[in-house]
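Following this line, the structures themselves.
Each of the next two complexes has chain A plus one other chain: chain B in the first, chain C in the second.
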Partner chain A sequence: MKKVLFVLFTLLIVSSMLLSACGPSAEPTTAPPAETQEPSEEPVATQPPAAPEEKTVVIGFTSSLTGSQEVSSKRQVNGFLLWMNQVNEAGGITLSDGTVVKFDYKTYDDESNGERVQELYTRLISEDNADFLISPYSSGLTSAASIVAEQNGKVLITTGAADDATYKTGNTSLFQLYTPGSLYMSSTVDMLQQLDPEAKVALVYESDKFSTSVVEGIKPYLADKGFEVTLEEGYASGTTDFGPIVNKLAASGATVLLGGGHYEDGTALARTLYERQIGLKFVYLLVAPADTKFPELGDAALGIATSSQWELKATHTEEEAANLGIEWFGPTGEDFAAAYQAAYGDPPTYHVAGGYAAGLVLQKAILDADSVDPEAVKAALNAMNLMTFYGGIQFDTSEAAHGLQIAHKMVVAQWQKNDAGELVRVIIAPADVATNDPLYPVPTP
Partner chain B sequence: MQQITLLLTSLPDGILLGFVYGVAAMGLTLIWGVMNVINLAHGPIIALGMFGTFFLFIRLGINPYLGLVPIAIAGLLLGVVIYFTAVHRVINAPHLSSLLATFSVNMIIIGLATAALTTSPYNVDFSLGGFKLGSATILGTRLVAALIAILVTGALYLFLYRTRPGKFIRAVTNNRAAAELMGVPSTRILALSFGLGTMLAAVSGALIATFFPFNILSGGGYELKSFVIGVLGGLGNPIGALIGGLILGVLEGIIPTFMETSWVPVIEFGLFVVILLVRPKGLFGAKK
Partner chain C sequence: MKSWQKHLGLVLPLLVVAGVVLWPIITDNVSARESAFTILKAIALASSLNILLGYTGYVSFGHIVFYGFGGYVGLYFVNDHGWSIWAGMLAGGIASGILAFLLGKAILRLRGAYFALATIGINEAMKAFANNFDLFGGPIGMVLNFSVYKAYGGAAEALKMTFYIMAGLTFAALLISHFVRSSKFGLGLLAIRENEDAAEVMGVIAPNAKTWAYVLSAIIPGMVGVLFFFKNGHVEPPVAFPLHSSIELLVMVMLGGQGTVLGPILGAFAYQGMRGYLVTSDFFKDIQLSVSGVVLLLIVLFIPAGAIGWLRHRIPVLRRVLA
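This part shows the complex of A and B:
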């Protein structure tokens, strides 16, 4: 028996080691050190020109390698890393005094857990000496990180976090890249008013910080536009059985569903709606349909719409910036998408674009400040008004809502079938950037 | 009137789901009944059953219901391995030891599976359609899952009451020392019982995968439900577990009719506490 136990235990250990080697590291991850020129110890006959000073700026963030935010969080990190590698490979940023700034990063797995986020951001600041911070993915986790960042006066560029409330607590160090949650659904409601002003709306959403803020933001707008809300129902994070909710939705007489939350619940809700065929004309869900994995649902994905912070088909351009009279910065959307595709083999989602934009905005702020001094960078961020492929970037500088994003606009995307019968995500609103007409009402199979 | 219609619409869903919950809880309660071990690895094993369906159906194209056979066999073998590696040595130790042992197994399975499979959601795109029964929609996958759950319960009942190993299991459950004196190989019977418990967990997970998305952490919720069902039906009582599962399924079906779904776990676990206080042996009595 002892021999058998020993063999089993050995097998377990060996398989653990093999799998661990394939899996994400629990240790903090750092970028490979930037190449620096070793100072020569050999005496020289003539005095060479002084080599430019090189500074390495450490950016700290947590990512959800495990847990409910994993899918979107990993994409956000990939976007950020693409930006960092591109900047470092291009030789870094050169300031006016000749200093070359390169970037490194420290990150930990926050397990999609707010308490871990607070512990880890404290560690990033106090032990890892991160110079600047980027938020984790999701409003709930970012809210936890923002408290630590603000307490320590660290600049926190938030991406993947749309909740408005975080910016209305008298902070001075937060800078939001996403369109605030309260404005998430406004383009969709405008579109609905054009398509079907008599639509009866059900609001079914995850009872978390982000989704609740989106719904609370859209309720007065729906009332202004004269829509009747027949059902308002929150559901707990982690809900998988949407049968009872969909039954309630059917009984409410709603013709349009606006809601959802994040990836896991959004896919489960879409699947249940498809299975039960309750005759909804239009379904809009937050976050999940924006992911490239969403078509794994098959026909259940058809007609599902979502708001998107960025879409390649509606990417922002230098020409648009010129027309608006604001400064353009960074690569084109096509270049960004091609670089991401080459690096990760996947087309980028808006979560990727958000991660990349976080780095891009920090880069621009350092250039504008001509310094890596946090206070100078903060001032540059406060004064920022520019256009990137990701969209407009300008922050509210009032005391009431410091850091809230005020220039970035969203588009409405919908899964439709192309001529070959494949599911593709197309832009259906606003009209000036739409690539396709909305599928309304969504056909029943 | 609208509330009653909604109630009647949601009730079949709850009943069908309740049968599957019952099978999951039966696994937990069987292990507790036979050896007084609370198997904290129950949740991850349910999740492994879900992944079994995913890989057999998505990667190998095997029908999810045919796939139940290899999943059940793998679940049984996994349970026997877990028993001999983690449980056997602490079987006579205080409850805390076996609790920690199975918790360790729980952490090992979650750790390994997270490294290999991540915690991204997986989806088995399998449908049997559905049909209308009054205002209710009966989904084929839930109906078949409920029928399989009934078959599994019947088979377990026949095994326990009509076969020699089943009788040995009942003998060990009633009095292990006396059973050993009568020549019952108690160690093998305990291992078999643990294997049967994990087999039921894996089968319930495999059935759940046909209607809900999942990841390796998804089993945790069903493990908690299994505890509630176990207490409702009486720990150690497999038939009580099935009825407890039905009660829980019905509650999950009808509670959202009257209040927000967020209240479902509050009421479920409230009931758990009330049953523990008022009728600690469960509604249908403990071990039989």
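This part shows the complex of A and C:
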């Protein structure tokens, strides 16, 4: 009987595995490329001599199909695929010699874990012949990939890798699209200086790589702007009981809180602050308020602000580029958002925009270089000074911090109530893209 | 038993590791070299854990702590003080050995589930320590400057070199594992595994033997940690002390057969080889975690003694070579 049960159990598992393998992909939001081209290095022999040569450029990256970075990473990939499909459907990029460049991609699951990142990027380069690379999601994984890119002379466009230290390694191949972590809160501090230069600031943040580097980056900026920091408190990842920390916060006399970390701790902190009502005039948290689920907190979400790499309501425009005297490239934010909504059924987040922008920037660099030669494309990226719907794109070309993004600015978003009393995320800074005035001080219930 | 017969069990482990090392060299394939590096790293760590788990029967859920701590110490000296990778690895190995000695004196008095729980606590405590220790970069960790690689001929040469060093560490791990098992000291450890009280009655000084086994099992992971973080270019607390890696090491040892020299090697080879294939297979890559989970479940259900235990049980003539 026991043996029969074993065999039945085994058959059940094996058959379910086979079914899942043969069925549709487990990732419903990842669309396949609309058009897949076979790699072709040589001119097509059957074409007449005048026919343009077609070249398929392979872009390699790892993505986190599993693990802690899964959600953001998948969105980033979706954005990239949208760009690739649009370019291929439009007939590719035509270079001055008539060569038509189309794109294909190769990706593996890095499991949100750095252990295999170098192995997989090496495979992408040596086995899959990737011409250009896009980073994994997160700074830690990107650090590991950057060494492989460097040793093979491959361009690595990073999106979702904000930590400054990743670019201060003496690299020559990295090109960052995100605003560096050290500047995440600078727009918020600028806004505070306008609103309340006497504000007393508390820094309460998750003790992890990302949040700590953001806070370490803003401390000198706060000092420079004359703000007094009354409390600096890190908390362990996974903290959900913020009672003792809020006690400290209340005792510190702070009027403004800057900090947070990720979704779970950010929502728990916001909820505790609402329950305790310690008289803070303004609360800024990293990451959590940018999530569409944040208003589930109800009134506890009211007035909570965050930074975003891109928001449709504050999308960058051709007019803005013209005013700044910078070249404009690519679709409008509205066109991008509509195309994404049509392809994937939900509105794009800044992770999606970052993935799309990675492709867009590579496309522009190939056009500028008029070549797919890695060194020519690298030179074009180094010289780039561009405006897209995603924002400004310019890279630090110094040896000390090569590839660090220096033109892209973040916007500050805040949860406010609309006329119908519903919570909506509005843009409150910088002033030139703000859609609403800041809710300051946040009203007490 | 003739002295050469005593070492017959070393032949197969050496051949398996040599095969893994020679695979990328013969094929001259850089991608194969990266895969071989991952497999060799797993073999070195699993063989080291086997000294404690397999020989004394003490289940450690936090063995990765030595990999993380040693790695941090070594990388700190390499990155901040300009030490060579060799000196950094030595420092990492020694630091892990000292940590194991101090921890062993404290927690090896515990047995069974209590010891296992304590090892989980140590892993979390070390992660919290690294998170708050400014010298190690706190939560941000340390990022290696690429200029460090220049001393080794650039990033490409440095990464190639790390493969050969990893090969050396793996051979060292299996030699330590074999010589411990075939020594009088190892016999004492096996006696502790079977019945610790009876072993003490027979003259084995169990606390000392266990502590030295713990120290020996910690040194190679410490050196491997330095090498891996040097190769990966950065270290931060969650990367240095991943609890799931400790569990994966336990799976590798039990998959191959605990208490044998060859078992952890086969377990690590099979586990990492399988994961490496699944993650890059066009057919399986979207369901690779489910597939590897099911395969492990089937193995645990049908051959709980591990591959070597099963073979030794079924084919008695192999017992001498499958040590």
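Keep in mind that, in the parts below, the second predicted complex is superposed on the first by the 354 of 445 C-alpha atoms of A that agree within 3 Å, B and C clash if a C-alpha of one lies under 4 Å from a C-alpha of the other, contacts with A are read in each partner's own complex, and residues count from 1 in each chain.
Here is the rule we use: contacts are C-beta pairs under 8 Å (C-beta built on N, C-alpha and C of every residue); 3 or more make two chains touch, one makes a residue touch a chain.
None of the values given here were measured: they were computed from a predicted structure.
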Contacts of A:G114 with chain B and chain C, given as first, second, both or neither: second
Contacts of A:N247 with chain B and chain C, given as first, second, both or neither: first
Which of chain B and chain C A:S207 touches, first, second, both or neither: both
Touching partner for A:A342 - first (chain B), second (chain C), both, neither: neither
Touched partner set for A:A90, first chain B, second chain C, both or neither: neither
Which superposed partner A:E296 touches (first chain B, second chain C, both, neither): first
Which of chain B and chain C A:G170 touches, first, second, both or neither: second
Touched partner set for A:T66, first chain B, second chain C, both or neither: both
Chain B versus chain C as contact partner of A:A236, first or second or both or neither: both
Doubly contacted residues of chain A, that is, touched by chain B and again by chain C: 20, 65-66, 207, 234, 236
Residue ranges of chain A in contact with chain B within the complex: 1, 4-5, 8-9, 12, 15-16, 19-20, 22-24, 65-68, 70-71, 207, 233-236, 238-241, 243-245, 247-248, 250-251, 263-264, 267-268, 271, 275-277, 293, 296-298
Chain C contact footprint on chain A (complex, rising order): 6, 10, 13-14, 17, 20-21, 25-27, 65-66, 108-109, 111, 113-120, 122-123, 126-127, 140, 143-144, 146-148, 150-152, 163, 165-166, 168-171, 207-209, 211-213, 216, 234, 236-237
Chain A partner contacts - residues on chain C that touch it in the complex: 29-31, 33-35, 37-38, 128, 131-132, 138-141, 143-147, 149, 154-156, 159, 231-234, 236, 238-239, 242, 245, 276, 279-280, 283-291, 294, 297-298, 301-302
Interface residues, chain B side, partner chain A - complex: 2, 5-6, 9-10, 13-14, 17, 81, 84-85, 108, 111-112, 114-116, 118-121, 123, 125, 127, 130, 136-137, 139, 212-215, 217-218, 221, 252-253, 255-257, 260-262, 264-265
